[in-house]
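In what comes next, chain A is part of two complexes: it sits with chain B in the first one and with chain C in the second one.
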Partner chain A sequence: MNDQKRNDFLNAINPFNKNSMTPTLLIVYALMILIFSLINPLFISLANIKSIVANLTISGIMAVGLTTVILTGNFDISVGSILGVSAIVCAKLYNIGDTYIPLPVVILAGIAVGAAIGAINGFLVTVVGINSIITTLGTLAVFRGLAYLYGTETAQIYYKPYVFMGRGYVFKHVPLTLIYFIVILVLMYVVLRFTKFGRNVYQVGANLQAARLAGVSIKKTTFYTFIISGITAGIGGILLSSQLSFAQGVFGLGYEFKILAICVLGGISLAGGRGTLVGIIVATFILGSISNGLALSKVPIEWRDAFEGIILIIAIMVDSIRISRRALLRA
Partner chain B sequence: MQQMKKKSFKITDTYILLIILVVLVAFFSLVNRQFIAYNNISTMLKNMVLTGVLALGLTPLMIARGLDISFGNSISLTSVIMAVLYTVFGLNLWLTLLIGILVAALIGFINGLLIEKFNLIPIILTLGTMAILQALALVTANTFTQTYSILMLTDQLYYFSTRTFLKIPLPLYVLIVLIFIFWFVLTKTKFGRTIYLIGANPKVAYLCGVKVKKVKILLYIFMGFITGIGGVLSVALTGVGASYQGAKLVLPTLSAVLLGGISLMGGSGSALGTLIGVLIVTVIFNGLSVLNVPSYYIQLFQGIALILIVAAYEIRNKKIQII
Partner chain C sequence: MPDNEILMEMSGITKNFPGVLALDDVSVSLYKGEILGLLGENGAGKSTLIKILSGAYMLEKGKIIIKGKECKFLSPHESLAAGIRVIYQELTSFEPLTVLENIFAGEVVTNKAGFVSWKEMAAKSKKILSMLGSEINPSELMENLSVGQKQIVEIAKAIHGNAKIIVMDEPTSALDEKEVNTLYSVIRKLREQGVGVIYISHRMEEIFQITDRVAVLRDGKKVGDIKTHETNKFELVNLIVGRELSEQYPKRDIKKGKVIFEVKDLTYLNKVKNVSFNLREGEIVAFFGLLGAGTHQLFSVIFGDKKATSGEIYVDGRMINVTNPNIAKKSGLGYIPIDRKEEGLALVMDLKQNITSANIEEMGAGFILNKRTENEHATKWFNTLNIKAPSIDTLAGSLSGGNQQKVVVAKWLEKNSRILLMNEPTRGIDVGSKSEIYMIAEDLCEKGVGVLMVSSELPEILAISDRVIVMRDGEIVGEFVTKDTDQEELMHLASA
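Now for the complex of A and B:
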């Protein structure tokens, strides 16, 4: 019995089991690359690929954090606003005095802002007990308002090492941001798969009652996932401001669809408790390439958000069909 | 016995909200005399109409455990479509307004169909449709007029939005009629009881022979229809079909509905509760602008208000459970 449970669990977190969407996603991605490169051969030029990868890693990192929240069966739609606030805090720190504040301090500040907002979300969801969507809808507005308030003027960043952090390349062609993405992804993969906390996350999302009876602290687990999501959004803010070398109040506006779409497309079930970070990689590349591909295909800029919306809708429909099929099999 | 207990709770809820409303009005009018001037009150009530109509449309939907947050962008799209039809194609005004309302109802139907047929989480789906509708609004406005907000000035709509009858602005009558209709349907008809039943327990409703999905799709269409009316009102009040305006309506409306006692778990709420919620939200935001609070803070306050409202209800519910 215990072995079976263990197998079930391992199956649930195995990226290449028969229920996984990853192979399908890879086929979709290959088709997409084919179509876009037929429309405009520039799409597969080295320079373009480099810029796509450098851009998409930010949303990838944020998706990794959001994944932990969704796995517990909650949502965090305030990630875009967290990104905005963290970017502005970092940029403002470079505009205080004449001497530059050391790099690690700024990075820590950005991360701390993200963690603090994540902790506020987590507190409201777990201790006060508000529905997570409504909570984060509220904090989305609050922190977007704060970002506008302090980011009405563009805050420039002239500090070279900070800018290099987001724009730099290693081995000539590999963007530094890709390295951060991979490191964070691997780290979270290990945490989710091999630590007690990771198992608790899956347990809470899969079956709340069972988790409670098994002695898992639901509140603590959920609280930490919100902090993780806040931290990754904070990192997103640091990287975006360093890539663009400035910060504005509108940074990260509308990111919530994109990040949510990546998670759902990557096979993280909205019902909670199902999905792995492996799907996130492919989904990040799909969503990251789409806006670039559309731009190169001369599709008007207004349509880009619409495409992200359509992908989100298709992904949640597929997810829902999979959920109902599982329910049928169980019955 | 159980019934009576519940009823007495509801009454206290409404009383508390009314007291809050009175306190707020007293506070703002003490701080600034302008607040209770006839001009300010009539503007305030006129501004309330749009939020009020939308909140009313959300009321039955949220009682039945549905939710739609794409209505703001739907208003943007319908107002742009109406303005384009009227100014670029020179269509008859009434036909234009009818088409606008029908388009919004169609959007509601699509939302409802997808949510109910695929068992989707309403807020997530409508988050997706939000993006699509916004893009459609921008593209429509841009392709036909090369601008993002299109002037649509008509004598009839101007007359409607500026004249008063018995010293009450005309748009307010739309809200009053709708409140009466919603109150009547929700409390006095079988359909209204069905909506509460679905919200309280969908499974029981299903076993009682209620066609849950059909009713809910109907409610989504209805929400779309109300959104269309909101679109017409928005064009009438502002004189433009603006592709960015609608999105700002979502937070205040949602706050008003939740404040009015609608639970996210469904099954509770009333048209009158929603009305008081709308009044409180309107008084707060109008009061803030009378006090010259910068507009940047308004969004901040909207978010804080939403969180505080839901938190207060959650804490109260917990206390009731413990007792």
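Now for the complex of A and C:
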């Protein structure tokens, strides 16, 4: 029985284990915190932790949405542009002459923009049948263009409650955005694990043809995941414009890279059908802390991007090893 | 006839996987110019043995001696260098390249200047192909060849590299009668040239037609090593399964009910032409045809995987418009596809998820997925079908072929399908699982289910079906009550 226990333990910490790489990520994160705080004790100051957390939640929320798309074996590169358009739309709503637009309407507008672009992506991928990377590469460009077009000038937001939404704290130290992140994450966790739709998402990603022959509606399932990803990106736009109290066309530029890195690092397999949202939490914190930690460690800014790139490559490497192990199942 | 010179000797081979002893002190030898049949149920250790020989698995315990020299295959490369070639069931050819490029893949011939010498390669490949008695054009694209021709190219690739030992894993599973005969003559030619062939097959007839000697594995041990002409089918089957299978195919007398399924003038492009037939409750109707006869397409069209060009499909006398598999499923149809790994199962998902995948709608109220309901349903089929796996939480990919097939069947039992389409339901699975699958089919018939089956194995059709429909070039060319026909008649009609 001792052997059994030892095996269980080894399985639990093995990054190539079928179940999870979360334990490994936790160890990595702990080491990271230790190193950064040794270099600069400010890293673990309350003020810094608050700022890290407030910053990382937006990418975390978007990663939750993107996860559903990746689980079906597809990809959505357009999330950064969706964020841009959503932010511009929300900010503009506060700049229409003297008209007062209620907060819920603005929020709904931001979400609707995300859902609509998600629906366009979903339509092109499922009904028209274009490869999802190509589709969203296209919409990435189109909607970035649109964001620039309407966001040439900075759109300021002076409405206090809107700004508070992104900058506020509860219990003095807990950023509101962290609450949103947790709520969205838990909600999607439940959807993926305890609904029929969630099961179908995994089915489609694990084996498309088998899912099709089992009568699973591939198109509907895939379509909805793009809408979910669009909505979370829309929420990202709302929160970013709220935190900064303005919006510009460049908002969200290059985000796809960061969000993808979180998903892959969190153990969502790019081959589809594998991974859970649990890993996303840790991955979000790791990537969210890294640029801050590097800055406090006086690493030049040019190197910080490179660092994130290296992490992405390592994560993809681990994923591809896992995928090739999975291919062995077919042998 | 085999020389007395020993080509290869594997002795005392033992291989452990976590929790399983895959090979237990197995010794196999191969003589020059010999065709050795390697038999055994799925999971008996055949593929493990081959993978050790090909260097895919590391040799842990035991010896491999090739031409008197002890070898430790640490990588596939070393095995190749020793003259061992494995031709896998799923061919590994480069589809968009030419035959010539496939034959010389990885070992391009160059001239003195270091450039690729196309002329020399063309001449060489022509020579090899004609030696094999084949007239394939070396500059033809691989993707334009039939499966049988591809196999011959694979063999050409193997012998141009000076193979001394060729392992063939179920080489005939996708071939028609004519191609099988061509393959046999190629294998016999190899034998004349002193090549040793290890031939893996589940089909008894083939073993008796082509091999000189057979080695039988069961549960990781070698249980038999006999000259082929000194044994018979009965003895081999007993060695393979380790128990007396008094009647391999149990056919019961089941009462037939009303017509539950009917197809009228179904056409799909030029692959399926004006096909009409019906199916009664409790009846098994088998479709037989050679490769390209349209039987597989027919099933795809009926289940909505491909869209019919014209024709009508009726369930219980009501016409249904099957535009996708979901509609077919809801009309009471179930489909066991030909390739369970690619189409039947999500290998990275567990057994319960696979079993309930076609019936997910019933797993809880509304959009909620009730895990307890799912567990109960999956457990029921897991036990009923006697699926051999640690639990319903085991990944489908880790099961043996026969047990995987049971999971695919369970999926449609769970959906309570009344019309079950089985496309080659026993392809590549062991004798024991085969008769279990037949048993399940008959149990279903007793409950009033109707079964449609495509099979390329005539003994199977004759044993299990009530009626046989023969197809050729997309058309039905004959229909028989099974007990009034025989193998010769069906084969003759299918190949005429």
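Structural remarks
The definition used in the following text is that the second predicted complex is superposed on the first by the 308 of 331 C-alpha atoms of A that agree within 3 Å, B and C clash if a C-alpha of one lies under 4 Å from a C-alpha of the other, contacts with A are read in each partner's own complex, and residues count from 1 in each chain.
Basically, contacts are C-beta pairs under 8 Å (C-beta built on N, C-alpha and C of every residue); 3 or more make two chains touch, one makes a residue touch a chain.
None of the values given here were measured: they were computed from a predicted structure.
In the superposition on chain A, contact of A:270 is made with chain B only, not with chain C. Once chain A of one complex is fitted onto chain A of the other, the partner contacts of A:257 are limited to chain B, with no touch recorded for chain C. Looking at the shared chain after the overlay, A:200 reaches chain C, while chain B stays out of its contact range.
Once the two structures are superposed, chain B and chain C can be ranked by residues of chain A touched, with B on top.
Touch criterion not met for A:66: it reaches neither chain B nor chain C. By the touch criterion defined above, A:157 reaches neither chain B nor chain C. Judged by the touch definition given at the top, the superposed model places A:300 against chain B, while chain C stays out of reach. By the touch criterion stated above, A:214 is placed in contact with chain C alone, chain B being left untouched.
Chain A makes touch with chain C in their complex at residues 18, 193-200, 202-203, 206-207, 209-217, 273-274, 326, 329-330. Every residue of chain C that touches chain A in the complex is listed here, in rising order: 303, 305, 324-326, 328-330, 335, 337, 341-349, 353, 357-358, 360-361, 363-364, 367-369, 371, 395, 397-398, 411.
Chain contact summary for the complex, chain B toward chain A: residues 69, 114, 118-121, 123-125, 127-132, 134-136, 138-139, 142, 251, 254, 258, 264, 296-304, 306-307, 310-311, 314-315, 318. Residues of chain A that touch chain B in their complex: 75, 77, 124, 128-131, 133-135, 137-146, 148-149, 152, 254, 256-257, 260-261, 270, 300, 302-306, 308-310, 312-313, 316-317, 320-321, 323-324.
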